[in-house]
Structure formats: C-alpha cells, structure tokens
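What follows is chain A paired twice: with chain B in the first complex and chain C in the second.
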Partner chain A sequence: MTENGKKTIDLALNRVEGDLELKIEHEDGVVTNAWSKGIMYRGFENMLKGRGARDGLVLTPRVCGICGTAHLLTAAKALDMISGVHLPTNAMLVRNVAMMAEHIQSDLRHGILMFMQDCLNPAYVGLPLYEEAIHRYQTFKGRSVVRTIRMTKKILEIVAILGGQWPNSSFIVPGGVASVPTFNDIVNCTYIINNFTTWYEEQILGCPLDRWQQVRSEQELQAWLDESDSHRDSDLGFFIRFARLVDLHRLGRGHGNFLSFGQLELPEGSAVHGHRDGALLLSPGFIGQGQAATDCDQELVTEHVTYSHFVDYPGGLHPFDGQTQPYVSPYEIIKYSFCKAPRYDGRPAETGPLAQMLISGHPLFTDMIAGGGPNAYIRELARLTRPAELLPAMKIWAGEIDPEAPFYQSVREIPDGRGYGLIDASRGALGHWVEISRQKIAHYQIITPTAWNGSPRDHDGVRGPWEEALIGTPIADPDNPVEIGHVIRSFDACQVCAVHLLTTDDHTAGHSRCLRV
Partner chain B sequence: MRPNLYWLQCGGCSGDTMSMLNADSPNIAEATNSIGLDVLFHPSFSTLTPARHLRLLDELVGGALPLDILCVEGSVITGPNGTGMFETFAGRPKKDLIAELAAQAGLIVAVGTCAAFGGVTRAGDVGGLGLQFAGKDAGGFLGPDFLSREGSPVINLPGCPVHPQVLIGTLSALVVGKRLKLNERNAPLEYYNMLVHQGCTRNEYHEYQIEETDFGQMGCLFFHMGCHGPLAHGPCNKFLWNNRSCKTRSGIPCFGCTEPDFPQDTPFFETPNIVGLPINLPDGVDRPHYLAYKGMAAAAAPERLKHRQPKV
Partner chain C sequence: MLARIICIGNPFIAADAAGPMVYGILAGCPLPASVNLVDGGLAGLRLLPLFEGCNQVIVVDAVEGFRADPGVIILDPATMPSAPVDYGHQAGLAYLLQAIPHILDPPVPEVVVVGIEGPATVPVCRQAARLCLDLVGSENGCPCRPESVSAG
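Then we have the complex of A and B:
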C-alpha cells in the first residue's frame, strides 16, 4: 500500500498468550503509525460463566502457559475476597515463594532465550559483538541458553515441591494452599534458592547480589560495568554493551504511563520489608507521564471495545460490568484486535518489571527514566535484574514457612458475592473480576498484562502502549524489521514474537537507511 | 540426513512449550542435539527472520522441502460458524495453514490435550477441535481416516500440559524410525496405558477409603475432592513433574487433563457421587464388587492411616 510516500507492512507476531500481528505504517525509514492486533480469541470469560465457583482455579492458569501460577493466585485472591477469609501466614509465604519462582524463570527465559536471540539477527552480522552473541545465545546451543534452560527448570522445582507441578497446578485455593509441605520440602526449596542465586550471581550479574544492589544511578551503572571483567562478561554486561552498540535506548519510548497492581503480601512478623511502606513487597500504583506515583484504585480500570472485535458499547466498562461478545465481519474496517483496550483513569498504561521498579521507587530506574523517558533498554534491564530484587526476600520467606502451622483456613462453600484479585504477574498488572452466585460463576473478566501493553486504540482513538512505543522507530530493512522486534520484546510480549512479513510493496526505493554504529 | 521438525502453535497457551523447557535428563537442548533433530522452526526459539520464515513455509507447503515431523500445539479454532476467523495467520484462517502442513508432513504429533482432543479451547465458544478428535469423538479437524505421508494417524500426546518426558521420548522414537504402539485414542501405550493413580503416594488411603473432605487433610482425593487419578491415563506418578512431585501427591486432585473430555462439565474439586460413592468409578471397575470391597476396606482401615500418621 502506498499513499503519499507512506508504506505499510503487516507483521505477524507469534506469542504465548495468543498470536499478535502488527500493522506498521512507515515513511522514509521511520514508523509513523502502528496497530497491534490480537488475532486469536479463545473465549475464557464466556467459558467460565455458569461453571463451578472454584473452576477458575483450574481453567485460568490455562490462559497463559508461562504465567499460570499468577492466574491461579489472582483467581484465588478474588475468591478469598468473596469468602472474607483470613489467610494463615504459611499460606501467604507459600504463595509468595511459588509466585517468585515463576517470575524468576519467566524473566530469565524471556531475557536469555527470547530477547537476546535478536542479537543473532542477520542485520547484526559483522558487528563487533556478533560472534560473541552466537556463542552465548544460539538456539539450544549457546552457552547462556543451555545454562538458562538448565537453571530455570531448577527454580521451577520449587513450585512442584510446594504445589505439585509447573506449569498448570491448582494448589492455591481460597483460604490458603491445598498442599502441606514438610520440613524436608521447605529445606529443599531453600537449597534450590541458594544454588540458583549462586548461578544468577555468576552468570547473569557477574557479581554478588549486594554489589548489584549498590547500583543506584546510571552513573553507578557505568562504574559497575567498568569495574571488572566479570561484570562486562556476564549476560547483564553483554546486554548493556550490545544495547549501546545498537542504540536500544533510542527505541520504544511510548506514553510514559505506568501501572502496577503490586504484589507479594508481607506476612505479619516477617523479616522482609516492602520497598515503600505498605502491605506488599512491590507497591501498587500509577505513574502518569512523569508525575509522582499515586495509589492504584481498581475502580478506575475500564475496557474499551471500539477497535476490538466485540459487540460495541459506548466508552469503557469496568470489568464487573464488562461484556465479551465476540464479533467478526469480513467487511470490518474499524475493529482490528481480539484484545480489548484496558485503560486506567481513561489512560493507556504500560506494565511490567519497569513499571514495578518505578512505582516501588527503585533508585536506579527512577534515575534512568529521568534522563529520557522509558525505552527498550531500560525495560529489558529491569526484567533481567528483577530476580536480584526477589531472591533475597524469597530465601527469607522460604525459611519462615512453619511446617507445624496451618496452611489453609477452611472455606467450604464460596458465598454469593463479587470480588477481585489483582497482582503483578511476570509481565505486569493482572486482574480477575469475579461474581459468584449460588455456587456458580455468574461473571468473570480477566485483564492480562499483555492486554494492557498490547492494547489496541481506545474509544477516543488513543493508541495502546506498544503501538505508541513503535512511533518513530527507525526501520533499516522492512524485510527484516529487527528494531520492531526489540521494541515489542522489551515489553516481554509473552514469548518471542516470530515476526513474519506478510505484504509489502516495493521497498527498495525511497527509504533512507537507518544509520547504525 | 537429520530429520526435520516444524512446530506450529494454534489455539493454546504455549504451556506445552513451557513444559518442554522443563525436560530433564535430557533437557530440550541436549535432546535435540543428541538425537540429531533439525528444528526448522519453533515460534518461541527460532531466529529466522520474517521473510525467511515465510519462505520456509512456502517450501514446506509446496513440498519443495519435505517435512518429516509436524508438531502441533493448541487446538484448531474453527469458529465463528466454521470460518476459522477467531484465529488468523496472515489474514486468513490459521486452520488453512494447519491443513496445508498436515497434507505434507511425514508424521504429525498433537502436543497436548488441545491439539489432541480440543481441550480447554473446545470448552469455549470458538469451535476448538483436536486434530483428529473432538472430545471423545474420532474425526476432529482432519477426519477419522486421515493418515500422514508415512501412513500414520496423528500421534496424540495429551496432557495439559504434555509431560516433557512423553514429548521427548516420543520424538526420540520417531527420529530413529520406531513406531510406538498406540491406544484407541492414538496415544502411545508406552505412556498412556497406566493411570495417574498408579504410583500415587496416597494409594493406601484410597485402598482403605480414608477420604479427604477438605483441603490439607491428607487423605484420598477421589471420593469427595474431584480427583480423576483412577480414571485418567498418564504417567504423572511414574515420572513425576519437575523431578519432584505431582498434584495428587501434593493434595491437589487430578483433573483428568489427559482425557478427551477435559475440561469436564462438572465442577472441579468435587466428585459427583451417589450416597458417598463416586458415579465414575476407577477405570474398568465393576460397581457391585467395588461397593462390597470398599465397605470391607473401610472397616479394615488401620488406625495409623485414620490418624494420617504417614503424612504423605
């Protein structure tokens, strides 16, 4: 398609939480507009309606294979709320430790197996770091890849010890957890955490956790990088060097709105303290374009469908009033995604580790963002280093589990009522809004992190976060738009986005090449 | 020449891919390298550029590059009204691509319950089908008589997700040309001739009908808590999950996720029963004899079990 020198390409993105395609409009080698299309509809919300009150605990982990524990926890929290149950301390500890294990595997599987694979893109053949990238990140062969596969499955053994299996267990139930770990189980979890931490320090960081935690500004990050070969040679060090080589910090700015539902409840009497004063290790909140973080109020969440393949309603609806009536027509010209458009206080918001770090007031990321807004580099840096924030608390919490104390407060029947579960899953804010009536699910609405990040336009035509983040992205080669891959993957679009080029016009003429170092 | 493999993701959650990453001894990297499998494309791991991936698909669909093994993860979405437009690829229904690749593949593996039987996706309003089954009914998307180029029906590896050893073991057999014997649902007997119940550490509770009626009581989960272990076929208690445990050992009922009717219509965590005895008895069991046996077994239950002394 050519119109006034503008060209469009359609890119199909493959991913865990349903396939996505992007339509990109570009002119003179720069993206001028973007549309993010969810191209798969599986109908979980309608599937759940009329089923047993606890069925969300089994079905919603199947929404997403990489963050099923997060869905399970969110579903259970909604039922906790409806039941009005007070959780035993052990239940909070087990939930937290299992949740953190899932986050850590996700951060590193995404970072090392999926994000860093872009370093091998043919566009980078001949760059100084290319040979090193192959050595580290080649599919199923690279040194870092092989070790990451080995260690991420080790950390997941914790979920199996505490909850039977990963993925897709249903051990978190309203009132606590169904499992009754023994002393031996808990001590095994601690050994796994210790071994994993040692590996994470050696390979990913190249330094002890407490050295990394001293990095509190961009300047200190530079000092850290220059400090030793082990810092430069770690995966984090390589990421920083590569990011600078390809100007990753110039990609993927976006709206600058951040949302976190917060997560990891602090049990009473625990030695772990939150980043900000509050009941959670990582704080909930919203940051609107450079403003200070405000508290997060779920009543301000709405979903729009003007541009989504669902039967229209005006404006946005709160998830308790949400409607999910799929609608596709071969003659459709407005609607382009099976994703609804979630908005917070009417605004699109990005979510994920970076949002979490900023809202929790992490000094390094607060400093970096002040220097030029969000970008693909900072987003991925937050993801690769999030385990450093989680591992110390995880170890303490595992040690605080008391095998002699209760893990479950009995909830025999789920009473009628409405409730919600809000947490930060690995990719960011996740919410389930549930209504139970006569032991059955009367209403179920789910907003996933990818729905936030990959949202289409809303009722007012405002782009979703990664649609906006793509604007201004240079495309050196429309046949191989690696820059778009960097931007989308910096949001951790669930899985690698296998970007397939579908239609192009003649793109040999009229495109200025993007200059690269 | 090394046999090649193309991995296609359809109507699913990628949980089978995640499960595959948990494989141990060998892990997925060791396995593909040591059995010499040439993975042409996997959506999560491949580094093919978009243009090269499209060219690869053209070569496979056109037959220029013979495809040895096609792995399909996720169900075939045929809705709404048979159009398949609830899941598209390149602007057309994904189901068309599935059909084109299936027509060329030497062998086809349905990875996970969605691809085998429709699974969770079948329970929705999207017309989700398995490749050669729709729930218990033979047929599915490709039809009951479909045979892949090497004369085999689709090899079903159900499980939500598939157990990683089942996947790697099956691929290891296929790569060396070994044909695994299949059951009536085209799943390898090697992995699906046993019940999830077999090997469960709570078997003795089952034996003497020491029952759990609420979470955490450490009894058998079959009679009240909705456990499908004695009905569901799979190696969960033989191989264990993540090298450590499985749901039934940890006090979570088996949901029968390897079975064609998963997810069942009845509520989870509840056993449909008549006067305290499950409507669905263990696989192949005769009701009158089972009733008599259970009555006697409960009376014979030892005190150490009644008091849950084993703590398993």
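Then we have the complex of A and C:
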C-alpha cells in the first residue's frame, strides 16, 4: 500500500490469535512510523466492579495464562495494603520463591523457545551460524529447546509444591499464603533449585553463576566470551555471537525511559540483601533518558485514551480515577488500540528485565547502556541472564522457610479503603489499583507490562515504547521483516489473555483421523 | 487406571468458553477416585505435568475447522500429522500436544481431545461431558452415566 509515497505493512504479531497487530510505515527500506494495536477488548476492570472484595484473587490470574502467579500476588498485595496487615516472614518467603520460579521459567522459555526461534528465519539461511541455530533451536528437535522445556517444567513445579494446587494456584491471600509447606516440600524445592542451577550454569551460561556475576562491563563481557569454549558454546555465548552477526545492537533503541515497580520483599533477618538500599531485592524506580534512577511514585502513573478505543477524557487519569468505557465508532479515525497508554510522570516508559537491571544498578547493563543506549540485544541479554540474579537468593529463601512458624496473619474482612499492588512481573511493571466499599469492589484498574511497552500514542501524540523503538529499523525484505520481529520480541510482547483455540492452522484436519459424535 | 479430564479455555471469551463450560458440568457430577477433573484454564505448556502419573488424559477444548457444522468431535493427537507449531505466548493446545512425546519420559498416557466446534451451547457442552464420561467410564467404573449429566 502506498500512502504519501511511503509504504505500509500490517503485521499480525501473535502467530495464532492475531490479538496484537502492528502497522509499519517504511521508506527506502527504513521504518519511519509505527502503530501498535491491541485488537481485543479485555474489560476485567468492569467485570470486577460490584463483586466480592476478594474476587480479584480468583479472576485476575485469568488475565494471563503465563503470569497467573504475578496477577494473584499483585491482587493480594492491594488487599494487604487495604487491610493494613503485617505479613509473617514465611509468607514473604513463599511468595518470593514462587514468583521467582515463574520469572525464571518465563525468561528462559521466551529466550530459548521464542527469541532464538528467529535465528531460524529464512532470511538467515547461509549465514555462518545458521546450521548451528538449527541444531540448537529447531522446534522439538533442537537440543536447547527440548532441555529448556524439560527444565522449565521442573522449576515451575515449585509453585505447585508451595501452593498445593496446579494449575490456577490461588494460595496467595491477603495476610500471607493459604498453604503450609512441610519440611519435605521445602527439601524438594531446594533440590529442584539446585538441579536447575546446575543445568542453567552448564547449558545457558556455560560457567558457574559466580563467574558470570564477575562480568561488570561490556569489555569484561568480551573477555568472558573469549575465555573458554564452554562460554562460546553456551546458549548465552551463541546469542551474543548471533546478535553481533546480525547487528541486533543496532535495532530497537526507543525512548530510553525505564520503569520498574520493584519486587521480592526482603524479610527481616534474611541472608539476602537488595541491590540498592530498600525493602526489595530488585528496586523500584524510574530512569528518564540517561538520567540517574529516581524513586518510583505510583501517584505519577496515568492512563491516556486519546488514541485508544475508550470514551475520551482530557489528558491522563490516575488508575484510582481511571475509566474503562469501550468505545468504537465506524467514523473514528484517530483511535487504533484497545490498550490504554500508561505514562509515568507524563512520559512513556519501557519495562522488563532490562529496566529492572538498570534501576537496580547492575554494572554490566549500566555500562552497556552508557555506551550506546538501549537496543534489542541488551534487552534480551538482560532477560537471558536474569535467572543468574535470582537463583542464589531463591535458594537461600527456600532454605529460610520455617515450617513451624506462621504463614498467615488472619484477615477476616477486607475493610473499606483504597490500595494498590505493584510488582515487577516477568515482563515488567504490573499494577492493580483497588477500591473496596461495603465488602465489594467499587473500582479496579489493572496496568500490565505490555500495556506499558505496547501502548499506543498518548494525549500529546507521543508514541509508545515499542512504537518508538521501531523507528529507524532497517527492513531488508518487506515480505519477511525479521528485524521488526527482533525488536518486538526483545520486549517480550504478551497481548494474549484471550482465546486459545485449536485450529486447523495448527493441525491438518484433512489428514486427521476424526470420529464424529 | 488413573484418568484425567483437563478442560481448557477462557470463561471470559465466548469463542473459547467451551472447556470451562464442560468443566462446570462435570464438576457437578460424582466421579470415581480414579478420575481427576482439572480446570486447565489458559495454562498452555504449563499443563505438561498433568500428563504425567496417569494412564489416560482427555483434553476438552474449543476447536475450529475440524468439522463443517457445530458439534462435538473426538480427535486423536497421535494421528494428527502437522507442521511443528512454534512456541509463543499464544502457544496453546497444539504446541502442548506436540511437546508430549518429545518432553515426557515414557510411558506417556493415552491422549484424546474432545473438541467443541462452534458455539458452546449447553446441549453441546452436555454432549461433550457425556462423551468424556463414556471415554473414562469403561475402565474406571464411572458411577455417573452419561444420561444423568445435568446442565452446568
């Protein structure tokens, strides 16, 4: 299609459902504009209104099939705040270990099963590393793929063990956790963490965790890569080599604003210490275009709808005042997404593992960003190596759970009031803002990580983070824009929360042996 | 013989609500101890552990394009030739079923898909529930016969 001499491409990004679409405008082989469209109305906020005070604990984990524990925890934290409850140490420990299990499986499934899948794109046939990529990442045949699915399945069993229920675990409640793991359960979890760590060191890093943690600058990263064959042959080593081969560092710069709500509360007396002073292992904060990290103040969060399919209001509204009234008109020419546009202090912000590392002051990522700004390579590097930050603390915390001590502080009724739960889910900042009145939900607003990263334009016409990150992306073949896939997947786009139909696109029905009933 | 019925889907999305509706019907039906009923929700690949430690798994889900008219259909994953499905956030039942022989240690259970094509009406979901009970009934002495299944 030609528009003012420029060409446009419409892409359905989620391969089955198509609930995320991109419109790309390009000229002379370079992206000049982009629009990110969430094409499905979610509406959980309206479903929750008028329901029982605790119903968010059951309904919001259904927002996402991958981040169910994160939504459960966020919903519970909002009610913790309203109830004014002081959590027992065991509750913090169990919540932390379960969340870490979800992060680690998500990071590695995304990295190995999704991001590295793009190394097999036909655009790369003939490149020196292509055959190696096939050997590693071919679906169900690649050696890294099979081992990653097996090991991430194992680490996730920790949530089932600690929660006593799988799937749809609902063990996190206001006041703590409803399950009481036994001594044997804790030993079992520790065994899983140890086994997983050994595998992660061998396959993903190619070195012990403490060797990786010595890498504190881009120069040291190069020295690490050159140090041994096991480093170069690991999945991380392959990722770095491939990323350099295809110039991944030249893709996906973006606004340079980063947001983290922080996560993983540090229990009193724990042997685990945070990266910065504070109550959390990974710090909350905001970084605006190369400036130092500042504290995160949820009062500065707003949502805009000028370009979203919702009834208009001027400027942005804080989530406690948020409105979710879907509005679609055939005459509408401005609105293009069912995502709202969240902003922090009026600015778009990317969120996820890279934001977390930068705000927590991780020296490697701070050095890399200082060298050339954010890009798709650094984002994915942060995701693949985040488990190295989490696993040591996870092991310590699992060992600090005391089966004889309380796991729950009684919360009989949720009083009237307002509260919020803010965490970093696997893909970044997740917030639930809740108001309870007379034992019922009077107001509920959810802002997911992908709403931040994949937001449409705001009231001032400023693009969302990955819309901006696409500007300047070179496209060698408009019929196979693999470069765009790299940029979007570096944010780990997740717009699903929706339909999972088995279709004949997945299975060839005409060749199936089917029995009609 | 341990059988597991896993109902998959999203109750908040009409086009994907069939599995949860069948779950609701079966949850009101007495099942023998040798039959587990699981609300699989949107868990996708996270359901892999539920294919271990049992002899038979019946997966109930909405399907599209497997029969010309609305209704219930039994699909045998073992005889469904297909191109590999790539993993993604949307990777649902297709990826899960393809993963089983590659990931799980033998013996893997017998897997049958009870698919619901078209609108998830109460009569169609009841029919699917009856079919699930038929499939597990002969081996498990299921006391709840198909004709006794009521509306969910």
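Note that in this section the second predicted complex is superposed on the first by the 485 of 517 C-alpha atoms of A that agree within 3 Å, B and C clash if a C-alpha of one lies under 4 Å from a C-alpha of the other, contacts with A are read in each partner's own complex, and residues count from 1 in each chain.
By our rule, contacts are C-beta pairs under 8 Å (C-beta built on N, C-alpha and C of every residue); 3 or more make two chains touch, one makes a residue touch a chain.
Just so we're clear, the structure is a prediction, and the values are computed from it rather than from any experiment.
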| item | value |
| --- | --- |
| Chain B versus chain C as contact partner of A:Q165, first or second or both or neither | first |
| Chain B versus chain C as contact partner of A:D321, first or second or both or neither | neither |
| First (chain B), second (chain C), both or neither touched by A:M114 | both |
| First (chain B), second (chain C), both or neither touched by A:F140 | both |
| Of chain B and chain C, the chain that contacts the larger number of chain A residues | B |
| First (chain B), second (chain C), both or neither touched by A:S410 | first |
| First, second, both or neither for A:D295, with chain B first and chain C second | neither |
| Interface residues of chain A shared between complexes with chain B and chain C | 14-17, 19, 44, 47, 62, 64-66, 68, 109, 113-114, 117, 139-140, 146, 149-150, 153, 156-157, 160, 166-168, 494-496, 498-502 |
| Residues of chain A touching chain C in the complex | 14-17, 19, 44, 47, 62, 64-66, 68, 109, 113-114, 117, 138-140, 146, 149-150, 153, 156-157, 160, 166-168, 493-509, 511-517 |
| Chain B-touching residues of chain A, taken from the complex the two chains share | 10-12, 14-17, 19, 21, 39-44, 46-47, 51-55, 57-59, 62-66, 68, 109, 113-114, 117, 120-122, 139-141, 145-146, 149-150, 152-153, 156-157, 159-171, 173, 175-180, 182, 326, 328, 330, 338, 406-408, 410, 412, 439, 479-482, 494-496, 498-502 |
| Partner chain A, residues of chain C touching it in the complex | 8-13, 15-16, 38-50, 61-67, 71-76, 79-94, 98-99, 102-103, 113, 115, 127, 131 |
| Touch list for chain B against partner chain A, complex | 9, 11-19, 21-24, 27-29, 32-33, 39, 41, 43-51, 53-54, 77, 80, 83, 85-91, 94, 120-121, 123-126, 128, 160-161, 214-216, 218, 236, 240-252, 255, 257, 263, 266-270, 311 |
